[in-house]
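Shared between the two complexes below is subunit A, which pairs with subunit B and subunit C, respectively.
Our next item is the complex of A and B:
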């Protein structure tokens, strides 16, 4: 299908065109919105074509390397087109929203172009059938996110966050690069479908997959490479929506899903993934509990929710994990765009500066309530069903034989249940502090946003609610997400376990009610103060940043100073030494060795040149 | 009219030489007036001639030499006028011609501060003859001759037209450069003589076909030590790099661009073209050491950049790291590694050439390239220049999708699966260290963007008179930006040309 490369190339082209016409705001806006809209239309077309006509892989060319050639191949299958539609929907909403949100920005042109390039890179990841081609999209996305996080580079925290985001994710990416080499060596091809067709269980396969997971851990902000995500909140809010919902962090989950059938061959790699997911799930949710910045609450919740998806993939819940990816994309984009509306209206994202916004911003209140309820997992929203199907998949793997060791499945299940409790508590806390309670002075003058921003909110609210319907149609989900090529067994549909669902609903109740009770007991003040001395530790993200600062950043910086000094004083010293020795000896007529070498060389050189010319002259004559 | 390929190669070498001599004998005032345009015209002819040669030679993608001329020159010395191109040398020659053309175009408007235009242009053209000749030569002595021609003009470029703010510094830099590299070439010549003593020929084609046959194991090692050691100065391989930062930082913009863009590649090209095919056994025995030094250079260069306080010195030091990948590729003795070495060399020429143009433009506008004196806020002061610097920095950190990535990737592939006679676990360790280097590289280049481009503009008003990127600069830098994108998005464009030649080269060396 020629459509598939077009889906990638159209946002790519609109990035360049947008950059060229960036001085003209109106033109830049049109290019950005039309580009994203066209990509959405084509993605929907491709989705319909694939669902009706089946998957396809197409090879557009090969690049020789002297080893295994790189195949420029695209792949359109159920997984790809579904995620493709998700990406383009969110990207379109973000571009429309940004036309209003970024109106006062002097640098709208380059901003919109970067968002287009970002979208294009994610779509390349989604439609690539070659690991090296995928890596191109993967890293281009990384640099776009770094540049967008640094959009407001006048602020020091934005500058620092941009560098941090790229360097930390690149740390994972170099592991992934090694993993790609290992996997390609195993199958003799960089092509993903070839890998899926010929992979067999082996230790080398596990090594390759674990290395590949390094990249996933970095991109999807999992422990221990999660540190870039909370800081990335320094970027403009629509960018946060894009990064957190449909691109960047979703790419990690997508890659594991893309290689699901290969991961299922390696219980070791799945166990590693399960441990990472379980740890991140719990720690990130706890950290979200004590943040004062509303956007940082949402950032930590992203890490935690992505861990659900990766946990689902680890326990063999392919459709459950992807269903959660879809519902999370909808409600998280909704939440971020809602947070952006609030920031736009009152000039801050600090919860301590909000309160009582329900009266002045009714639409935003309603939309954010929907989003937070979906995050908590309240029925009948999409978030409830997708989270329950993740827990059911973990339960299935824990109680019956799963693709990974039972202890790892238990770990995911227990961490998942505990996280339900904490999530309910932090979501309730944020909701109370931002929208309920007495109206603050700044909040009184706030109002709902202009039409483009409203449109984007409502556009995302629809899937937040309606995705729930998919939970009742497991066979449709399977058909929709079927990877098709190179996969032997058809994945199981998402299901919900009544027992676990009842338990997790009870946990939601406990979490939400305890936050509410503390809030009322404290008379509308932050319930997080009840955490006592633990609060600041959680707010600080367990001090991991400071640990890295002390253990990595400072030693490397010190080492670099040492190298600079050493290069000047030690390595170059022998050069200077030889130089002055030569010069000193040169003054002495009976020069010793060193002086002679130089004269020999010079004389020899002159000799060669003269002889050459003489020879040429002789030949001429 | 049928265009003869050999003629094109001679045009490429002859026109700059003739124009150079013409300028030298011309009266000074006429010369100064004519020189910039003469430089542009001569370098344009060379570029077109080599592009024409590429079209003629490109039809046949076999691994052998094309457009060969082989005539006796000085039979007593076994020096022959033996020229030709293959998939390895042609891209380097075209890159050289392109960079010289960009530099000549640049000189039209941005005149060297020290004046003496006639001499400046003549020297740049003489440089071009040496550089292009090095890539075309197929006789070891001829190779050496061209290799040497480059040194003296470069000395003049640095010593006469170098940093106007630091006269003693530029003289020292120029002298260190010439002494150091002269010593290196002397060593290389010794290696060539050893080869000649054993085989009785300087013919590179014949020597490559023999694959070291007829040279005893001991002699191979001695010759390889001398040749690789000599070239390692030029590349430079750590720890022989210490001539480089000063020479690059003190040279005028055009000098830095050509030094980084082409001169370093003459070293790495020599490794691929001469060392590996002529004395394969000797090189194989040195390969582990060479690979080890290469990855030390990668990490060392990155760390040195992280602690650097001057933009031009930083770009200079970044070459140490990037050339580390170029050398690592050679040390793996695999097709992928050699492809990587060639590709990384080309990409480094384009990207670092661009970076030096930008660093030079920044230095010209501010009178300094020191980070503290520059302050931040280039985005505020000169937004287009800032955006271009960001682009070049991102390309330099090896982002997939831009030219810098593929060569490094191929070199890594090489060390993932090195030639069979090398020890794989050792090269896997090298691979891991190189990967750490990649992370550090990203770190320091983004730190440059953060320091120079972003942040507050502390020296703004003083520079109100100096404009942003001019159309003239766009014309000079545009080809480099376009090539960075083109090679990054379609590496096959070059690799389909390089790969057959590399395969043939390694087959001849029977490695």
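Our next item is the complex of A and C:
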């Protein structure tokens, strides 16, 4: 299908055209929105074609490397087109929203171009059938993410966050590159479909997959490389919605899903994934409980929800994990855009500065309530069904034989259930603090946003609600997400287990009601106060940042200072010393060149006399 | 007459000139000392000419040449001294230090320090 490269190339072209016409705000806006809209249309077309006509792999060329050649191959299958449609929907919504949100921004042209370039890179990841091509998209996403976090580079925290995001994710990507090379060495090809067809269980395979997981952990903000995501909230809110909630961070999940049939061969790699996911979902949810910045609440919650998806893939719940990916992309992008509307209206994202917004911004209130309810997992929203299918998959793997050791499945199940409780508590807390309670002075003048922003909110609210319908049609989900090529067995459809559903609903109730009760007992103040001394620890993200600061950043800084000192004071000192020594040495004979002709003549005479005496002496002797 | 007498006289005259050239600070006196040296040489030439009893009297002829050239040389030299005095207000050789290597290199190093 020629349309697949077009889906990637059109946002790519619109990035460069947008950059060229960036001085003209109206033209830049049109290029960005038209580019994203065209990509959306083509993605939908490709999706329909694939669902109707089956998956296809196409090779557009090969790049000789002297080792295994890189295949420029695309792959249009159920997984790819579904995620592709999701990416283009969110990208289109964000571009439309940005036309209004970024109106006062002087650097709108480069901003919109970077978002387009990012969209193109993400679509390349989605449609690539070659690990190196995928890595190219993966890295372009990384640099776009860092540049967009640093959009407001006048602010030091934005610069620091951009560098942090870049360095931390790059750290994971080093492992990922090594993993790609190991897997390529194993199969003799970088092509994903070749890997899927020829993979057999072996220790080398496990090593390769675990290395690959390093990149996933970095990109999807999982422990221990999760530290960049909360800081990344220094970027503009639409960027947080697109990159740091719906698409780029989900690329890690997508990669695991793309290689699901290979991962299923390696219980060791799945156990590693399960442990990482279980740890992240609990820690990140707890950290979200005590944040004061609404966007940071959402960032930690993104980490936690991504861990659900990875946990689902680890326990063999392929469709469950992807269903959660889709519903999370919808409701989290909705929540971020809602947060952007609030920030746009009252100029802050601090929960302590909000309150009572339900009266002044009814539409935003409704949309954010929908998003938070989906995040908590309240029926009948999409979030409920996708989360329940994740828990059901974990339960299935724990109670019956799964693709991974039973203890790891139990870990995912228990962590998942506990996270349900914490998620309900933090979502309720954020909702109460932002939208309920007494009206603050700043929020009294707030109002609902201009039409493009409303449009984007409503556009994302539709899938937030409607994705639930998919949960009742497991066979459709399977057909929709079918990876098709090189897959050993048909993936199981998402299912909901009555036991875990009842348990998690009870936990949601407990979490939400306890937050509500504390809020009322404290008379509308922050319920996180009741956490006591644990609160600041959670707000700090368990001090991981400070640990990294002390254990890694400071030693590295000290080392680099040492290197600078060595270069400047030792190596350079030799070079400069040579120069100064020669000059000082030169001063000695220079003293004779004093410009007094008479002393020159005296020296000449003395020389002649000495010569004459020497000549006479020689003749006599 | 003994050859030694004119030779000693010429040596004394020449040494006097050398001393004047090396030690005098006034350019005019230095020129005069140069004349003394030339004349010391002239005496030498005439004395040896007489002693050899040269048929062509090459020594005396050469002396005439030296005297002529010395006159021209002093003319040019005095003109230069006069111009130096007009331009600089002094004919003191110690103050005429254009050939001083050090002044140039001091300026150079100050420049490179500033650049750094």
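We adopt the following convention: the second predicted complex is superposed on the first by the 565 of 621 C-alpha atoms of A that agree within 3 Å, B and C clash if a C-alpha of one lies under 4 Å from a C-alpha of the other, contacts with A are read in each partner's own complex, and residues count from 1 in each chain.
Note that a contact is a pair of C-beta atoms (placed from the backbone, for glycine too) under 8 Å apart; a residue touches a chain by one contact, two chains touch by 3 or more.
This is a predicted model, so every value here is computed, not measured.
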item	value
Touched subunit A residues, subunit B compared with subunit C	B
First (subunit B), second (subunit C), both or neither touched by A:163	first
Contacts of A:520 with subunit B and subunit C, given as first, second, both or neither	neither
Partner chain(s) touched by A:181 [first = subunit B, second = subunit C, both, neither]	first
First (subunit B), second (subunit C), both or neither touched by A:135	first
Set of subunit A residues, in rising order, touched by both subunit B and subunit C	597-598, 601-602, 605
Touching residues (chain side subunit A, partner subunit B) in the complex	61-67, 110, 132, 135-136, 138-140, 143, 146-147, 150, 153-154, 156, 159-160, 162-163, 166-167, 170-171, 174-175, 177-178, 181, 185, 556-557, 559-561, 563-564, 567, 571-572, 575, 579, 582, 597-598, 600-602, 604-605, 608-609, 611-612, 614-616, 618-619
Contact footprint of subunit C on subunit A as seen in their complex	583, 586-587, 590-591, 593-598, 601-602, 605
Of all residues in subunit C, those that touch subunit A in their complex	18, 21-23, 30, 93-94, 96-103, 105, 109
For the subunit B and subunit A complex, residues of the former touching the latter	72-77, 79, 141, 144-145, 148, 175-176, 179-180, 182-183, 186, 189, 239, 241-243, 245, 300, 303-308, 334-340, 379, 387, 390, 394, 399-401, 405, 409-410, 412-414, 416-417, 431-432, 435-436, 438-440, 442-443, 446-447, 450, 453-456, 490-492, 495-496, 499, 502-503
